Amino acid sequence: MAGSTFGKILKLTTWGESHGPALGVVLDGCPAGIEIDEEYIQSFLDRRKPGQSDFSTKRNESDRVDILSGVFEGKTTGAPISMMIRNETQISRDYSNIASVYRPGHADYTFDEKYGFRDYRGGGRSSGRETAARVAAGAIAIKLLSELGVSFTTYVESVGDICIDPARFDREEIFKNKLYMPDKEAAEKASEYLRGLAADKDSSGATVKCIISGVPAGLGDPVFDKLDARLAMAVMSIGAVKAFEVGNGKVASKLKGSENNDEFYNDNGVVRKRSNNSGGILGGISDGSDIILTASFKPTPSIYKEQHTVNKAHEDVAIEIKGRHDPIIAPRAVVVVEAMSALVIADALLMNCTSRMDNIIKFYKD
Amino acid sequence: MAGSTFGKILKLTTWGESHGPALGVVLDGCPAGIEIDEEYIQSFLDRRKPGQSDFSTKRNESDRVDILSGVFEGKTTGAPISMMIRNETQISRDYSNIASVYRPGHADYTFDEKYGFRDYRGGGRSSGRETAARVAAGAIAIKLLSELGVSFTTYVESVGDICIDPARFDREEIFKNKLYMPDKEAAEKASEYLRGLAADKDSSGATVKCIISGVPAGLGDPVFDKLDARLAMAVMSIGAVKAFEVGNGKVASKLKGSENNDEFYNDNGVVRKRSNNSGGILGGISDGSDIILTASFKPTPSIYKEQHTVNKAHEDVAIEIKGRHDPIIAPRAVVVVEAMSALVIADALLMNCTSRMDNIIKFYKD
Amino acid sequence: MAGSTFGKILKLTTWGESHGPALGVVLDGCPAGIEIDEEYIQSFLDRRKPGQSDFSTKRNESDRVDILSGVFEGKTTGAPISMMIRNETQISRDYSNIASVYRPGHADYTFDEKYGFRDYRGGGRSSGRETAARVAAGAIAIKLLSELGVSFTTYVESVGDICIDPARFDREEIFKNKLYMPDKEAAEKASEYLRGLAADKDSSGATVKCIISGVPAGLGDPVFDKLDARLAMAVMSIGAVKAFEVGNGKVASKLKGSENNDEFYNDNGVVRKRSNNSGGILGGISDGSDIILTASFKPTPSIYKEQHTVNKAHEDVAIEIKGRHDPIIAPRAVVVVEAMSALVIADALLMNCTSRMDNIIKFYKD
Amino acid sequence: MAGSTFGKILKLTTWGESHGPALGVVLDGCPAGIEIDEEYIQSFLDRRKPGQSDFSTKRNESDRVDILSGVFEGKTTGAPISMMIRNETQISRDYSNIASVYRPGHADYTFDEKYGFRDYRGGGRSSGRETAARVAAGAIAIKLLSELGVSFTTYVESVGDICIDPARFDREEIFKNKLYMPDKEAAEKASEYLRGLAADKDSSGATVKCIISGVPAGLGDPVFDKLDARLAMAVMSIGAVKAFEVGNGKVASKLKGSENNDEFYNDNGVVRKRSNNSGGILGGISDGSDIILTASFKPTPSIYKEQHTVNKAHEDVAIEIKGRHDPIIAPRAVVVVEAMSALVIADALLMNCTSRMDNIIKFYKD
């Protein structure tokens, strides 16, 4: 299970199973001198904490974060920042059901094929709880970026077929409804839809949009480490994401060049674009306009309906999944998409400090 | 311009500008003992070679590959494989136009912002020609995978609004038409559409689909290096790709869990799925069914129509792009998507050799 | 403070300051199925625990390790293994002295120059306590290697001018004296020497030797990742190490080729060498004979003698360092050298699973 | 044969066998705007070119370098810099002798064990010729560093038992004698010694010293990526190096703390050290004084004396090595040590641009 580290200069390493004693993250490569404390990190964790609405699991985790290293007198020191969240309700129960049956849409079968066995308690390493660690690290990246004027607007754009209406877009509304939708009407419709699905023991897919404003031009690298390629990996690495788009995304495949190209113009000396189909990235490098991403989430695979599947002995069996599960993944994942995106942007921002010799000379000679 | 290396064990590093003396790739970490020669590599390069149809640039490059290292007596030695392709028609012409003007949809502006200046000849490093190097490396990954029974079916799925009809899907047809579409009728319609666009000095977007069969279960890692996350980065790092999907992709966001989950069943002792919405990957790990990817390409940004933009001095100017450009990117990119996907799968396959202690003991004790 | 991660497939990331709440390590990429538990890890930590002899600090840390993830029902799962050690005696005291003065031979000045400020409590991140985390990870690497017949003999070879006599070498003796020397007489002489130095408020340098037996031929890579180059980095990254040697090391520079070359011979079909000046590595790859390393440690820089130095304001000052410090670093570092070496060998062993196509085919086809 | 890439931000990837068509290097991550051309690179390659003295092989290679990418109008563009050197005298001859026999002190046996077979022509990938590629890349790192006032003094310090006399140290002399020794008398004595060895079909070991002046304080990272740990790996990765020392190196193991500590003092506001036993690095971070390294080279293993060994069939055989070989490796390796050290220092210098938030804000806000 290599692959628990992400990033080039700013690197996070997450660890922990959903029902082990704790989970956490080590963030290495963070510059010295950023003011952070546990309350700040907590405010991000609270956005994905379970038990906040009808549409999230009733598992009662307070998700309190402890900063164990890398912060001294309220500021990052440059040392790796270790943060830990205790699992409080991981009391052992009877997992014999899950232990031997492969839930459809889950990683049970693939883990057993890869490792020969697995920690079957509550999803183990592939549980959504792992993302709490990402959010803690992402909060620091967001703080770093905020000092340079970068800000995030992230929200649920659609639930099933119910999509927000751009004409009713209200940034304030995002934090007012439990679905993190910027359109009150759509949020209400979606809530109703989800309540119906829950009653029907079913779940729904959704999309999450992330808009990143204030990113300076020049971030990202031109070939494999294109800014959008790094963002794609970061966002697709969140469980349940099945599609990633930048700018107008899939729509671009249907357009003509004359429709899709964004024309540049001079706005009092500043280069701007008349449209932003590119989503703020050209040739893998940020162009100074908003970076726009969309992630498509599949419906929660844990549904209460009876399903057909096989067990570890490869026998056909039926399964009814117990426990409490969110009928939709996206609302709690909004902050995860934001966190992962921030980690990529912050990393590119650090990397970009080294791209020009004139700047490096200035850095060392001043 | 860090970021020219991709991969974890099997690593490729590409180099070269479109109008420099040559471009190339170094593939490191390739196991010893794979039979390859230049003719084999060349057959892949020929699939993206320019000048093959009305819809590709008339630049007359033979794209001949030289293997400079890492192969001895017809087999890979384990040493880095260096391959080079000479640029034959990079004769200098007058670039003063491009040198000072930022073409809409291109990386001219972002390169200048990042590096202070750029090699403006024909796109420099951000040219599509860079992908020839990826194809050469990918051909070796495909050979490696073929020895384990993995095969690829990659094609253009749609051009603008014209999509292939699954009922007419014909694998043989892919190599019979210039658009690499597996549906003769759709290919003809698309050709007509593109001829119209060309006459109108315009270009079209498209989608490319890649189906990978025979991948053993267990490849990929559960957190950041999910197999689909690595594939997303690999494919999004190809210029002009604006969206990446795995399995049913964006459609999953509209479905219910009961519709989207793929049920497992026992097929004479083998675990199979009744559907494949997941696209062959669960929890970031291959599940043994076909891996299915879709990439959305934007229309060629170089169009002959007059466009408004700015120059290096940030003055508003009009530009008419000269030269010969493809009215569509996707057909020549089919083999690039295949190459990048193969590099990811092969890398995961190597990495997976180290995931279980019992296998490692067998490896050293036998 | 990037650079807290080491390894290519088997990767450890350490975190923690000497006087923060805890320190720890995340070991990622460890194969599934290795039996470990906390008692096993603890036995290694106890070898570097403070307070065990007259020659180690009286700081009373029990150094109890908690395994927080990656182990299930007594076996590694393939998931990252997080281990934590609480700092129990980090009660705040008056550090105003150290906070503003740059101790000779320490990293106080360089940290301030790099980061602008530092966590000055007890050495912060550059404290020797950080190595406890390495030992915990190394213990797992040693377990992995032991399953393949690899074993370690690591000891203090010399203290100041007092060197062990190869004629009196006694492996059992290593764990019988507090200096971890395999020669009882030398250990007694060295103890006397150290007592004299302690009385004189001074400290001593020393060398540590590590012999690794049972390493299969073929580990390591031929160019930058030569096995000895990786070992050099691993060992030189331990604080206070000033020299690294493989085989006969520095002596080789004085010899003739005819003296230094190790002749091969056929020992009942097995290739062996008549001597082992190379230290078990040829061209960066293990040759099947013992791997032999020597690390030279400088004397503990914290001495009680008055020393001249400067403070943060760059004023000349005198300093008398308080607290309890080891008069010699090497004995407690023996297990650290062993741990770091094991991590390198285990990593190379995993990497080597991917070097031949015939083996890979066997892996997937069996 | 992974492991052909070295560096974190500034990364070089070398490729090529000694008797293939060419060898080369790709240097990625180099900042834009550094003036370089082929003449400059060539001047470094000429320092390790064969055939320059009685003590270097008569192989007649001109070692002409071609820059194939990454440089435009005389300046680096930020794109990967590809450089190639053609092998001109790799005409095939009869290698049947070497092909089946394992030369003592060479990597023939270990390559066969690792890969199952090898490119046996002239050492293949493990040939010293591979270092030409490192020198080409290192020349660029040296140029980068020179713009910040960093300079190198690298030389042969000892040949067998003949050591330079510090009292006769003459920097100018280094380039005046064929052994690159800064002491004319020692150089003459060593020459005589080597002539005797050559007559006797033997070879000699030697040491190389590298002094790096003008390095700003603050480079390097505190844990695994200590500046001296990175230098150790870089230097030990050069074939035939058996020991690496920083500062007083092995001598430190014999000293007392009061002898070994370097006292700081205030020199008109600048912090300096009264001695430099540490070799310019404290806690893994540069302290502003000279960085001092020593590499110990074993004697050339290819000697003309008859030696006993085994062949591929593991039969005992005698071998007399033909061809022309240097009776000493170190003089031609002086520039390789310098190149590898420069690559590490330059990489640390780039990485250090990202260590403080205040500097990053200044970078983006100015």
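By letter and in written order, the chains are A, B, C and D; residue numbering begins at 1 in each of them.
Please note the rule applied: a residue touches a chain if its C-beta (ideal position, glycine included) is under 8 Å from a C-beta of that chain, and two chains touch if they have at least 3 such contacts.
Predicted model, so just to flag it, every value in this text is computed and none were measured.
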item	value
Touching both subunit A and subunit B (chains)	C, D
Which of A-D and A-C has more C-beta contact pairs	A-C
Chain whose Cα centroid lies at the greatest distance from that of subunit C	B
For subunit A paired with subunit D, centre-to-centre distance based on mean C-alpha positions, whole Å	44
Centroid distance [mean C-alpha coordinates] between subunit C and subunit A, Å	38
Shared interface positions of subunit C, touching two or more other chains	1-5, 9, 14, 29, 32-33, 78-79, 114-116, 125, 222, 351, 354-356, 358
Touching residues (chain side subunit B, partner subunit D) in the complex	1-5, 9, 11, 13-17, 20-24, 26, 28-30, 32-33, 66, 68-70, 72, 75, 77-82, 84, 114-119, 124-125
Subunit D residues within the subunit C interface of the complex	1-6, 8, 14, 102, 104-107, 109-111, 113-116, 125-126, 130, 158, 160-161, 197, 202-207, 217-219, 221-226, 228-237, 239, 242-250, 252-266, 269-271, 274, 277-279, 281-288, 296-303, 305, 307-310, 314-316, 351-352, 354-356, 358
Residue ranges of subunit C in contact with subunit B within the complex	9, 29, 31-34, 76, 78-79, 144, 147-148, 216, 222, 349-351, 353-366
